[in-house]
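Take this structure, written in structure tokens, and hold onto it; I'll ask about it next.
Chain lettering (A, B, C and D) follows the sequence in which the chains are written, and residue indices restart at 1 in each chain.
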Amino acid sequence: MAEMRVNIAGVEWKNPVTTGSGTFGFGREYSDFFDLSELGAICLKALSVKPRQGNPSPRIAETPKGILNSVGLQNPGAEAFLSTELPWLRQFDTKLIANLAGSTIEDYVQVAEMLGDSVDMFELNISCPNVKEGGMAFGTDAKMIENVTSQVKQVSKVPLIVKLSPNVTDIAEMARAAEAGGADAVSLINTLFGMRIDVKTRRPVLRNNMGGLSGPAVKPVAVRMVYQVRQAVKIPIIGMGGITTGEDAVEFMLAGANAVAVGTAGIVDPYAWIRVRNGIEQYLNENNIADVNEIVGAVQMND
Amino acid sequence: MLCELVGKRKLAEKIYDFTVQCPEMAKNARTGQFLHILCGGEAYLRRPISICDVVDKRYIRFVFEVKGVGTDALAKYELGSRLDILGPLGNGFELHPEDKNAVLLIGGGIGVFPLLFLAKQMKGRATVLLGFRNKQSVIMADEFATVSRNVFLATDDGSFGYHGFVTDVLKNILSSNPVSRIYTCGPAPMMKLVCQIAGENALPVQASLEERMGCGIGACVTCTCTVGGQRKRVCKDGPVFDGAEVEWNG
Amino acid sequence: MAEMRVNIAGVEWKNPVTTGSGTFGFGREYSDFFDLSELGAICLKALSVKPRQGNPSPRIAETPKGILNSVGLQNPGAEAFLSTELPWLRQFDTKLIANLAGSTIEDYVQVAEMLGDSVDMFELNISCPNVKEGGMAFGTDAKMIENVTSQVKQVSKVPLIVKLSPNVTDIAEMARAAEAGGADAVSLINTLFGMRIDVKTRRPVLRNNMGGLSGPAVKPVAVRMVYQVRQAVKIPIIGMGGITTGEDAVEFMLAGANAVAVGTAGIVDPYAWIRVRNGIEQYLNENNIADVNEIVGAVQMND
Amino acid sequence: MLCELVGKRKLAEKIYDFTVQCPEMAKNARTGQFLHILCGGEAYLRRPISICDVVDKRYIRFVFEVKGVGTDALAKYELGSRLDILGPLGNGFELHPEDKNAVLLIGGGIGVFPLLFLAKQMKGRATVLLGFRNKQSVIMADEFATVSRNVFLATDDGSFGYHGFVTDVLKNILSSNPVSRIYTCGPAPMMKLVCQIAGENALPVQASLEERMGCGIGACVTCTCTVGGQRKRVCKDGPVFDGAEVEWNG
């Protein structure tokens, strides 16, 4: 049996598989399908200082091998999370990652302070395309990334992951800015900004007009970005974007990801997370690889 | 869960009636709940389809209209195929055996199908109002007749039954009969009107909502509607909600 | 019968359907499948001053509902085109668009001069991700876009389309730069930069490591960008990226495209161009729309 | 073109033998050409598969190994299905009826299949050398035997026929027999060696190349190989090239 443990910025995960924030809620629903302790970590739904209602429906549209969503960070707020969700989550033997949302730097700082060390890691969500303020605007400007990262880092009691937006010209620059700001790790990709129009009604399918594209369709872009970020920074990378099988996950790890997240695939198949974890293990065993960390960044580029 | 397709009938142009073998799901199924079906073909997400009936505690029946890529692919499955289905999902209709007066089930279009299971559970107490486009699109009326107290049909063009909307029939009934409760499923404009009329008559109403869905189990929060000022998940908190609280434009 | 003619920067096309440069060669192969006069325009394979060999194989990789290519602008050079391909192409009653490739501004200017007014329009390809110099580097910097556009415009004897890269933070800014440089139209999107790794060999599938993603997978991103560009500039837009059916084309036109190009879908189905053209016509007839120009930009945004 | 699947056999683990009805294509098919098949399932692009035989001038037979998503989906088609196929495509093998001495057909793995049609066209003149992994993977040897002068088999593990590579058999033959020409299809390393040996013996050699393809008809220029210092399209300029000119690492 291959060693599946990975160390992400000092936090040991029992395997490299986590959930894409926002696709797994706070885990309750999926706990009917499998034991959440099987996951390396659970990345929770975005949390903001105050509860948020998100955008009106429809909030989801199907695209070729992908989906657009415009949920817009609906969540019960950090306080309700601490009182209602966290105690329940703590029964599982897995790491918890809180995804931090905000409209201003102060928001991010405040939610980080509210959560303190109640979870194992923070993921700074500066890449959501579905909110008017904050969100993607922060994540597409290197100076902003460095600034918000360093301010949140100052108050963070747990390792800080910065989640990068793919809607940029130069992803490596954004990763370097996060590293410079003190990020302990980066995760990528968040969703690509997209739109779908219903030709019958002549209106965008999403009530919010535009939304974030995820799922298998985006995988080649995500793998490319993970590779580019691996060349640019030293901190660990959590790779995601369309991962559906163990082989997809291996592809991301070969490109340079130290761990992977599965999101949209789980929306289609609630067992996707477990299948991916098992698939990685199977790949390692079939290829006589003793430790999953051996494949991280092990892609051999053609000259 | 993989469920064998053991029954397949075409009821009308683009309308299919499927029966799948799934003892586990059938055992737990309640009226108003739905299945979330992987259709294949060009469809990436699952498609929600209501439970139309449970047969012999082992089979679930569902009826659907071919609308786009998903239902089109679904209609192509052959007997003996195994469908990947999640379910039964959602909160169904609440039965009120204590109701003394008439209980109205009001369906329109594809909203008719889930009401059959409900009518059956009512053991002959249901008065059913069904609206269709025209005579050709009238389906399952006989089945409803055998399990209900009364069936009223309306067609938009008057080619069968009452000429007009099912909501007109509703008003007629309310004007001359004591009614305890209303259940409704169908196009949003119809349900909105039904709920409004129910409100005017101070009648409790349960409405089964539709929204585009992702996971179907409550995790992705993409399928929300606004009920009582709160964003609720149609898949998990519904699809059946208190019609008085639904904000139809939210 | 609906009116299908469109006017793109003063050039009248008999219908709004053209070919994605590089997917249609110089038309010879597809002329076995249908009459090329059926197309509104033919956008030809990239042309450079000198012949180019392109990149080594494999040059194509399949991805979920898409492909990656790394052809790298292989072409016989402008001279050979003029002597060998153009006379043959002139037998067809359709407009011809030459796609101009280069590594330096001088290259672009030179190829435009060599072609003169031999074709009906030029498309300036400053967005190819598959060449080391020029290509995408030009297309991701607004100042460069304006500069190269204005210099090529000065020597252009025919209307100049500038083809935009989607690998940017702000597509509207790029479109405005093209317009400022004197572009008569813009076309978008070129391919998204991506990568696929073979987990068995642990090497990128493409011999050139990375390549350009096209096909249905990219459609939501392309539609969004066409909409954004429509809000930013006044010049005509040729929309593309994953168009496979008439309804897809209508989606792009509703978003703001005055014409559409089909590329990858034709690689899978040689009749795709004709199916798209017929599909647009069918949509217009079914919806009692007298003129295809009525749907351009006619999307009704949700408030 | 839609072609009905009229014959389907499993020849070995993961190897399928399909026959499709397509009089038009069959009429024009030449040895060494290929079909470009829309496989469905998760496969977006078509898949190139060589013509293995033409039967009764109306049917084309092709044999393929299940490798990935495309061939996997292809193998699932049932008799009577209609496959979307482009073809016949490419330039095939050139026949040289004037050849006086032995003509060698050298195949390995899936490269064996297209050689059957070639052997048949040679009307008994062909000497066939086939390489397989092991005894279990030996297929179609009997069929080749009935249409060829001679069949030599080699397996990597010696479990059947000659123990070793088909190129060793080739060397043996060349050392004791006059040979006019060589045709080869199979894994690139094998073909490279065959072409090298042919060169050393000043023999003409035709090699059928494989490359990842898009359109299959010559337009997208994604399937190139380097031949005589030029980038050539495998689909249109090939797949058969003069083996002396192929740059195996280009």
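What we mean here is this: a residue touches a chain if its C-beta (ideal position, glycine included) is under 8 Å from a C-beta of that chain, and two chains touch if they have at least 3 such contacts.
Computed from a predicted model, the values in this text were never measured in an experiment.
Enquirer: Supply the minimal count of touching-chain steps required to go from chain A to chain D.
Expert: 2
Enquirer: Measuring between Cα centroids, what's the chain most distant from chain A?
Expert: Most remote chain from chain A, centroid-wise, comes out as D.
Enquirer: What whole-Å value do you get for the distance between chain B and chain D if each is reduced to the mean of its CA atoms?
Expert: 56
Enquirer: Roughly how far is chain B from chain C, going centre to centre by Cα mean, in whole Å?
Expert: That pair's centroid distance is 47 Å.
Enquirer: Taking each chain's centre as the mean of its CA atoms, how far is chain A from chain C in angstrom?
Expert: A distance of 33 Å separates the two centres.
Enquirer: Approximately how many whole Å separate the CA-defined centres of chain A and chain B?
Expert: Computed from C-alpha means, the inter-chain centre distance equals 37 Å.
Enquirer: Please set out, as single numbers or ranges, the residues of chain A touching at least two other chains.
Expert: 63-66, 215
Enquirer: So how do the chains connect up here, line, ring, star, complete, or something else (other)?
Expert: The chain contacts form an open line.
Enquirer: Dump the list of chain pairs that touch, please.
Expert: Inter-chain contacts occur between A-B, A-C, C-D.
Enquirer: If you look only at chain A, which of its residues touch chain B in the complex?
Expert: 22-25, 28-30, 32, 45, 53-54, 56-67, 69, 71, 74, 205, 215, 266-270
Enquirer: In their shared complex, at which residues does chain C touch chain A?
Expert: Those in contact with chain A are residues 63-66, 68, 140, 167-169, 192-197, 199, 201-204, 206-210, 213, 215-221, 223-224, 227, 242, 247, 250-251, 254-255, 283, 298-302.
Enquirer: List the residues on chain D that touch chain C in their complex, please.
Expert: Against chain C, the touching part of chain D is residues 38, 42-46, 86, 211-215, 217-226, 231, 236, 250.
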